[in-house]
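The structures considered in this document are given below.
Both complexes shown next keep chain A, but they swap its partner, so chain B is in the first and chain C is in the second.
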Partner chain A sequence: MSHFDRIVVGAHYGLKDWLAQRITAVVMALYSMFMGAALLSGVHGQDGWRALMSHGFVRFFTFLFIVSLCWHAWIGVRDIWMDYVKPAGIRLALHSLTAIALVGYAGWAIQVIWRL
Partner chain B sequence: MTTRTLQFKIYRYDPDKDQKPYMQDISVEVDSTDRKLLDALVKLKAVDDAIAFRRSCREGVCGSDALNINGKNGLACLTDLSSFPEGKPIVLRPLPGLPVIRDLIVDMTQFFKQYHSIKPYLINNDPPPERERLQSPEDREELDGLYECILCACCSTSCPSFWWNPDKFVGPAGLLAAYRFIADTRDQATSERLDNLEDPYRLFRCHTIMNCVDVCPKGLNPTLAIGKIKAMMVKRAI
Partner chain C sequence: MPELARKRPKFLNLFAIRLPLAGYASIFHRVSGIGLFLMLPLLIWLLDRSLSTPEAYAQFQAVFDCWLVKLVLLGLLWSFLHHFCMGIRILLLDVHVGIDKLSAHNSAIAVMAVSLLLTAILGAKLLGIY
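Let's look at the complex of A and B:
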């Protein structure tokens, strides 16, 4: 067995990600309840949504939601790659692509929402 | 004495003879003194003496006769024969996720490697006192539900996270043992122990699936112990 086959662990991270995943989940749950309440209170149509999104608080909250969603998804998708993709090179490429795609999506989504 | 016949479907694999594993249909007569699955297995050995399985204490202390029984991990010596539905064969397989040595015997090397990696012994650099290192009854109570683990591997081999990464994820049994020493007030290596586990694989592969809690024949709760380790890490970090 060459020394390249040694199994190495001890990256000394994980706690922050684990905690972040829980906190972002709470943000998303609160936002979902808020949006559910908005739907039930009769917001509909382009004008209705535009009026809702024009509130500073809603923009702030929506921004937080989108960032939380992407951060949460980053940890979850990365965990899937870590479980199922063993070659380090392919895994690094998938990690990078995931991160890049999520950052792009976050920027795009915020731009769409804030334009309203 | 009333006797009855039990039907079994047993995983058989002898790497010296068999191309690949197969399920063997076999039945055995048991009488009313045979209470546990292990009793039936011992009788089965008289029907087919080539069947290989581990057993030792036959009372749920040594942890050697862990099997996958009708799809769920458990100890043969603690499983009541009366718990099986009539007329359906009892399906026995080796513990999942570990290499099979023969029939129902698995290679536990990986499992014990993970156990050893958490340093399952008290680390205390103070000179030993004349009699013993004392604990208050409250401090001792914290070890209840932790020290009773018999290392049968039912939990770790029912854990999908352990199936995917047995070389990197410590697994529920190892993490329960890790918390047993983290929680011990006589141990002085708490910080090193937490450092040793702060890793995306070693600890944080646990996604609270809780199969470990579901199968533990001693009724222990590794998920709770893992949660306490995480809580200690959070407390340390903030």
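Let's look at the complex of A and C:
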């Protein structure tokens, strides 16, 4: 296999991505349990909900969650494209759309919590 | 590099595979992940409406009360819970906990059971049953 045959949309960073998927998963799992506990302890109406989400620590943790979610989704969705989509052109297009969408979602979601 | 050039055995025909239970748990992990990814715009929109002005909150409540949205959210609730439980199973397998055949089978059953049970409990709340 010469360098000419190399698939441009292959996963070049196997271990790094594998590890990032795990670390982001742990961040999201911790955040989910934290938010689950916070919601169970009682949040009343929009004021209570806004107060919870605008708390300094919660906002920091939510930011980490959003970044983790988008990074994690990028690796997972890219893996699915690589399993089922063989033509390099279509795969490149799907990878690009996925990455662009996730960067946009991250910006949107961060703006939602940061303007509070 | 003959190793790289060699054709590796791959079999990904979803309609012809007979999977053990752990295989179904694994496929559901993938399906739930793609579902959550596709519905991210809806979830971020709901978050945005719920945290904005009182008018936006009323809009959030109106959309949240729509039965079709509730149905989608119920599906996403299961997706999240399955992905969460299966994720913990995968992390444990990564550090070689429960890696023998019987334990791995049992933990796959546990993932399915716990995520469905939690979906029933929290889903009933979502649908306003209690």
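Everything below uses one rule, namely that the second predicted complex is superposed on the first by the 104 of 116 C-alpha atoms of A that agree within 3 Å, B and C clash if a C-alpha of one lies under 4 Å from a C-alpha of the other, contacts with A are read in each partner's own complex, and residues count from 1 in each chain.
In the analysis below, a contact is a pair of C-beta atoms (placed from the backbone, for glycine too) under 8 Å apart; a residue touches a chain by one contact, two chains touch by 3 or more.
These numbers were taken from a predicted model, which means no experiment stands behind them.
Looking at the shared chain after the overlay, A:L64 reaches neither chain B nor chain C. Of the two partner chains placed around the shared chain by superposition, neither chain B nor chain C is touched by A:V85.
In the superposition on chain A, contact of A:A109 is made with chain C only, not with chain B. When the two complexes are superposed, the chain touching more residues of chain A, out of chain B and chain C, is C. In the overlay built on the shared chain, the residue A:L19 is in contact with chain B alone; chain C does not reach it. In the superposition on chain A, A:S32 makes contact with chain C only, not with chain B. Of the two partner chains placed by the overlay, only chain C lies in contact with A:Q46; chain B stays clear of it.
Annotation: chain A residues 83-84 touch chain B in one complex and chain C in the other. Taken in their complex, chain B has these residues touching chain A: 161, 164-165, 167-168, 195-196, 198-205, 207, 230, 233-234, 237.
Taken in their complex, chain A has these residues touching chain C: 1, 22, 25-26, 29, 32, 46, 49-50, 53, 73, 76-77, 80, 83-84, 105, 108-109, 112-113, 116.
Interface residues of chain C, counted against chain A in their complex, comprise 1, 4-5, 12, 30, 33-34, 36-37, 40-41, 44, 47-48, 50-51, 54, 57, 80, 84, 87-88, 90-91, 94. Touching chain B in their complex are the following residues of chain A: 7, 9-19, 79, 82-84.
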